[in-house]
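Each of the two complexes below includes chain A, the first together with chain B, the second together with chain C.
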Partner chain A sequence: MQELINKAKELLANGTVVRVLGWRAGDLSYNPEPAFFETEEDLQKFVYDGFCGANLSKYMIEASKLDGKTLVFLKPCDTYSFNQLIKEHRVDREKAYIVGVGCRGKLDIDKIKEQGIKGIESVEGTELDGPDTLTIKTLYGDKTCSYASAMLGRCHVCKGKEHMIADEIIGESKDTKDAERFDAVKAVEAMSPEERFNFFQKELRKCIRCNACRNVCPACSCRKCVFDSNKFDSAQKANVDSFEEKMFHVIRAFHVAGRCTDCGECSRVCPQGIQLHLFNRKFIKDINEYYGEFQAGADIEARGPLTNYTFDDVEPSIVKERG
Partner chain B sequence: MQQRIGVFVCHCGSNIAATVDVKKVVEMLALEPGVVHAEDYQYMCSEVGQAKIAEAIKEKQLTGVVVCSCSPRMHETTFRKCAERAGLNPYMVEIANIREQVSWIHKDMEEATQKAVILGRAAIAKVSLNTPLKAGESRVTKRALVIGGGIAGIQTALDIADAGYEVDIVEKTPSIGGRMSQLDKTFPTLDCSACILTPKMVEASANEKITLYTYSEVEKVSGFVGDFTVDIRKKARSVDMSKCTGCGVCQEKCPNKKAPSEFNRGLNTRSAIYTPFAQAIPNVPVIDREHCTKFLTGKCGVCSKVCQAGAIDYEQQDEIITEKYGAIVVATGFDIIKLDNYGEYAYDQSPDVITSLELERIMNAAGPTKGHLERMSDHKAPKNMVFIQCVGSRCSDGRGKSYCSKICCMYTAKHAMLIRDKYPDVNVTVFYIDVRTPGKNFDEFYRRAVEDYHVNYIKGQVGKVTPEADGSLTVHGVDLIDNKQIKMKADMVVLAAAIEPNPDIRKIATMLTASIDTNNFLTEAHAKLRPVESPTAGIFLSGVTQGPKDIPETVSQAGAAAVKAIGLLAKDKLLTNPCTAQADIMACNGCSTCANVCPYGAISYEDKEVRGPGIREVRRVAVVNSALCQGCGACTVACPSGAMDLQGFSNRQIIAEVDAICR
Partner chain C sequence: MSIGANEEFRPKIVAFCCNWCSYAGADLAGSSRLAYPADVKIIRVPCSCRVNPMFILRAFERGADGVILCGCHPGDCHYSTGNFYARRRMTMLFSMLDYIGVENGRTRVEWVSAAEGAKFSATMNDFVAKVTSLGKNVRLGDLRCKN
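Now for the complex of A and B:
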């Protein structure tokens, strides 16, 4: 972490950048939040630990409109989102100085709580070069759990330790993949239509339309979201029935299809714990099967499979048959 | 503004009225908000019907008109013009299709009536949100492009040129002439194919209004009716067309004569530098770089040494020519199918099993056997010949084509007759499913084969052809009339292989955004009433590209396509469709998704200053070129923020329709 702060100080001092986009300590020790830093003094609040899951790419949309360059810290999986935003002309590559930061998987406080650990005050050993075992300070004394058991679901299907774009890289990353990316989707596909409907009904019924998933999503970067637009009857509307609960999430999934990098931020921030990434991952799986393997954000030049036409494209009838 | 909508329900004689209670529809729709007038009439499209609409518009100051009738493809224009004459903007008219979508597909009157009411409501909901639109104008480039230089393309080009317009033919092979140039004789008159085709080829070449681009392919098409821009790739011939005298010495002296002759269907070989056939136009050879020793090894250069004119140019590069056209005629023709799925006929096993097109070449004096009928295996004259019809045509098992190739019955009768005439000692047997000979003097022609030339026609199919050790072939078939199995010896078997559209058509259709059917034939705008036009404006169909045809039919259709193209070129200006997309720059993200999906290249991006409440910044936003936009709507569904909207089919209008239906 100190290395990152030193780099930030250096770039601010020599004028390469005028601000730094990183994370600072939040209200709770395990809840750091994205933040801009403009002075050396500000940087005292800078943190980078296992709980810094937030993907900073989307904040670069606003930063691109400001004068001067911004130093942004991106984890390997965040770089896919950044690339996708470059491709959609939403961020300005010239306005960013990208430091690729090391990552050994990010932590989910709920995963620790699920292990029966209560009254958590702080978690130790979360830094990049920390131990494999976390020490959790609780009201009831110290507890331990393995780092891997506390990782976010998305880190178990890690896209790899390579940064897709960066000006320099600080810190070693680790590929934390230990599960198959599409297993959860396959389990849903294997359900009967009725079971599947009930499954999504149950999940989406929890939605409180707080819009956190949309607000955090780097693909949901529209200046004006259709759900906020007075051109449609859906603006700022709380769900009145189960149809509308589903409509919001299904439309959102369609809007990001072919552009979603599977960064998993939607599920990370959902206060209701809805497995929102399943929708997006289903689309990714279908796109891979119908149009060939495609990872949004891996390549700035590649055209998205849904906005491209080739002679090998699967016929619509096949898509329909397979649902 | 207070809506004043008029609803007009058409009986279409009994077409609608027999299944839909039109009085009930009038009664129900009259209750809809904004509707101030509702009536029904027997034929709304008639003069009396239109007068009723015009009268209501004037008397009741209608702001919108809904006509519940047939498909908008039939009469939308009629009713729009009627509204315009009565002083209402033509785009304030909506059609509820209660014929194709209701009366023709439903039997139960109550249900059909209910659906007609619902569709009427949707149209009323939409028309309430319509805004008056005005058609723009676009120019017409007075030049036509014909893709394909076979008899269809040549005829179309000659007819267009005759009307005084410039026309370019793009032909993929080194010479114009197409499939017809490969034929020996033509039915039903048995005149020599080359003798009637060559004058047309010469005429096309000599006509100063016609430009030939042979050994060339269409690479890119942009634009729209009246104003297409086309990139043509002129492949490197390796011979300078301006210097070559066509003396032919290079072809004689070329040491590499091992390339299979495309023109002779691979039955013999040709030199690496070649013209496909003697009457080729232009009479300028090309170097086949895949077979030329100079290109393969760097050594040789014989053609260059012998060429007195110094026309050989090994360095020549492909050239891209960009030209503007008002109309494009597709005449890409056909090939016969590959016989991979028909192993039972032993086409791959025996050189004596041939296709009919190969037989054309064998029978032709300029062909691989100089016109002598002989077996390709041992060059002996055959004694028994068997023709098998419908190889891959009228196929129901999915191996071949479901359609009838249409020309095979006639050319087989021709082959049988010519063989019996020239070699009376050869027995000719034809296995057929049906003999189909509609056409002027066609059935008489077939009967001559049976009655005068004693060709043995057997109704039945062949199950297997077996090559024997002695070089003969055994044909196992069935005679359906005598109901018995047949096993007969043959020296040659000729397969009437199905024809299929030129495989390039898929690529070309995509470039032209012209639709094709499941068999890759180009689709007509209307199967009966607009058979030579594509649904894509400015694209016309000539010849087999639209469906199987013989030469006379092809020539007539080629002429018809030419007339349609001429009709377009004769106009100075075209009215453009005002139902085009528009970007709301306040909502546009500048993400380029719309530009990526736009098939017409109508969307570009500009940095524009955007001003709004609390906003004053320069943004990269989408700009639609309304002259290029065809109103397909692809951008409106691709745009994630809903910034793209289609005039006349706005998102709000469509949602209003859906809401009205779901009410």
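Now for the complex of A and C:
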């Protein structure tokens, strides 16, 4: 972490950048938040540890409109989002100085709580070069759990430790993948239509329409979102019954289909624990199957699968035929 | 509303037809006196790719029991490539609807040229029969299923 702070100070001092986009300590020790830093003094609040899951790419949309360059710290998975935003002309590559930061998987406080650990005050050993075992300070004394058991679901299906774009890289990343990315989607596909419907009904009923999944998503970056239009009552959220409200989840997922990098931010931020990746990954899986392997954000040239075609594409009746 | 034993279920079908081929195909079916059920309500669109996937969802939300999209045959689109994009979008949408448990017989895409009045009528007859057998659409009214 000190290395990152030193780099930030150096680039601010020599005028390469005028601001730094990173993470600062939150109100709890395990919820750091995205923040801009403009002075050395500001940087005292800078943190980078296992809880810095937040993907900073989306904040570069705003930063691209400001004068001067911004130093942005991106984890390997965040670089896919950044590339995708370049492709969509939402961020300006020239306005960014990208430092790729090392990652050994990011943590999910709920995964620790699920292990029966209560009264958490702080978690130790979360830094990049920390131990394999976390020490959790609680009201009832110290507890431990393995780093891997506390990782976000998305890190178990990590796309890889390489940065897709960066001006320089600081820190070693580790392979964290120990599960298959589409297994959860396949499990749903294996159910009968009735079971699938009941499953999603149960899952989506929990949604409180807080919009967090949309707000955090780097692919969801329209200036005026359909869900905010004052033509519909969906913007007010409370007691609404409009079309946008009812179909929220399919609309949201379809709007990012072919552009979603599977960064996992939506599932991470949902306060209701809704597995939004089940929607996004279903689209990704279908795209891979029908139109060829495609990873959004792997580069800035490839044409998106839904803005492309071939003469011999499968017909929509494939859905019925595959059973 | 329940369907009594002697009260026949009539599905509400929305058919999006592109102006240049399928709508003309429907016209030809009409002038050739080829019958298709009156349950089919045609909405004319300039091209199949004008159909935003949300149109399909909205039709269901407003009470449709089945939605079909008809356009020019691939390669024959009046705007050259519109139906290629529509094809990918609809494949994705239908697959997603199937995934969340909506009966996949309620959605269909069919390519119908202006010369295919007979195909138009046969397609609609077949689709109406299919949707009638599936019964009323209850699953796709409210995806969050609060009601």
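FYI, the second predicted complex is superposed on the first by the 300 of 323 C-alpha atoms of A that agree within 3 Å, B and C clash if a C-alpha of one lies under 4 Å from a C-alpha of the other, contacts with A are read in each partner's own complex, and residues count from 1 in each chain.
Please note the rule applied: contacts are C-beta pairs under 8 Å (C-beta built on N, C-alpha and C of every residue); 3 or more make two chains touch, one makes a residue touch a chain.
Keep in mind that this is a model prediction, so the values were computed, not measured.
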Fit or clash - chain C, chain B, common chain A: clash
First (chain B), second (chain C), both or neither touched by A:Phe182: neither
Which of chain B and chain C A:Ala253 touches, first, second, both or neither: second
Which superposed partner A:Asp286 touches (first chain B, second chain C, both, neither): second
Partner chain in contact with A:Glu194 - chain B first, chain C second, else both or neither: second
Touched partner set for A:His89, first chain B, second chain C, both or neither: first
Chain B versus chain C as contact partner of A:Ser221, first or second or both or neither: first
Larger contact residue set on chain A - chain B or chain C: C
Partner chain in contact with A:Phe36 - chain B first, chain C second, else both or neither: neither
45-53, 81-89 or 99-107: stretch of chain B that collides with chain C: 99-107
On chain A, positions contacted by chain B and by chain C: 306-309, 311
Residues of chain C that touch chain A when the two form their complex: 53-54, 57-58, 61, 74-75, 81, 84-85, 87-105, 107-109, 139, 141-146
Chain A to chain C touching residues, read off their complex: 188-189, 193-201, 204-205, 207, 243, 245-251, 253-254, 257, 279, 282-283, 286-287, 290-291, 305-311, 313-320
Chain A partner contacts - residues on chain B that touch it in the complex: 506-507, 510, 584, 586-593, 596-597, 605, 617, 620, 638, 640-643, 651-652, 655
Contacting residues of chain A [partner chain B, same complex]: 65, 87-90, 221-226, 229, 231-233, 255-256, 303-304, 306-309, 311
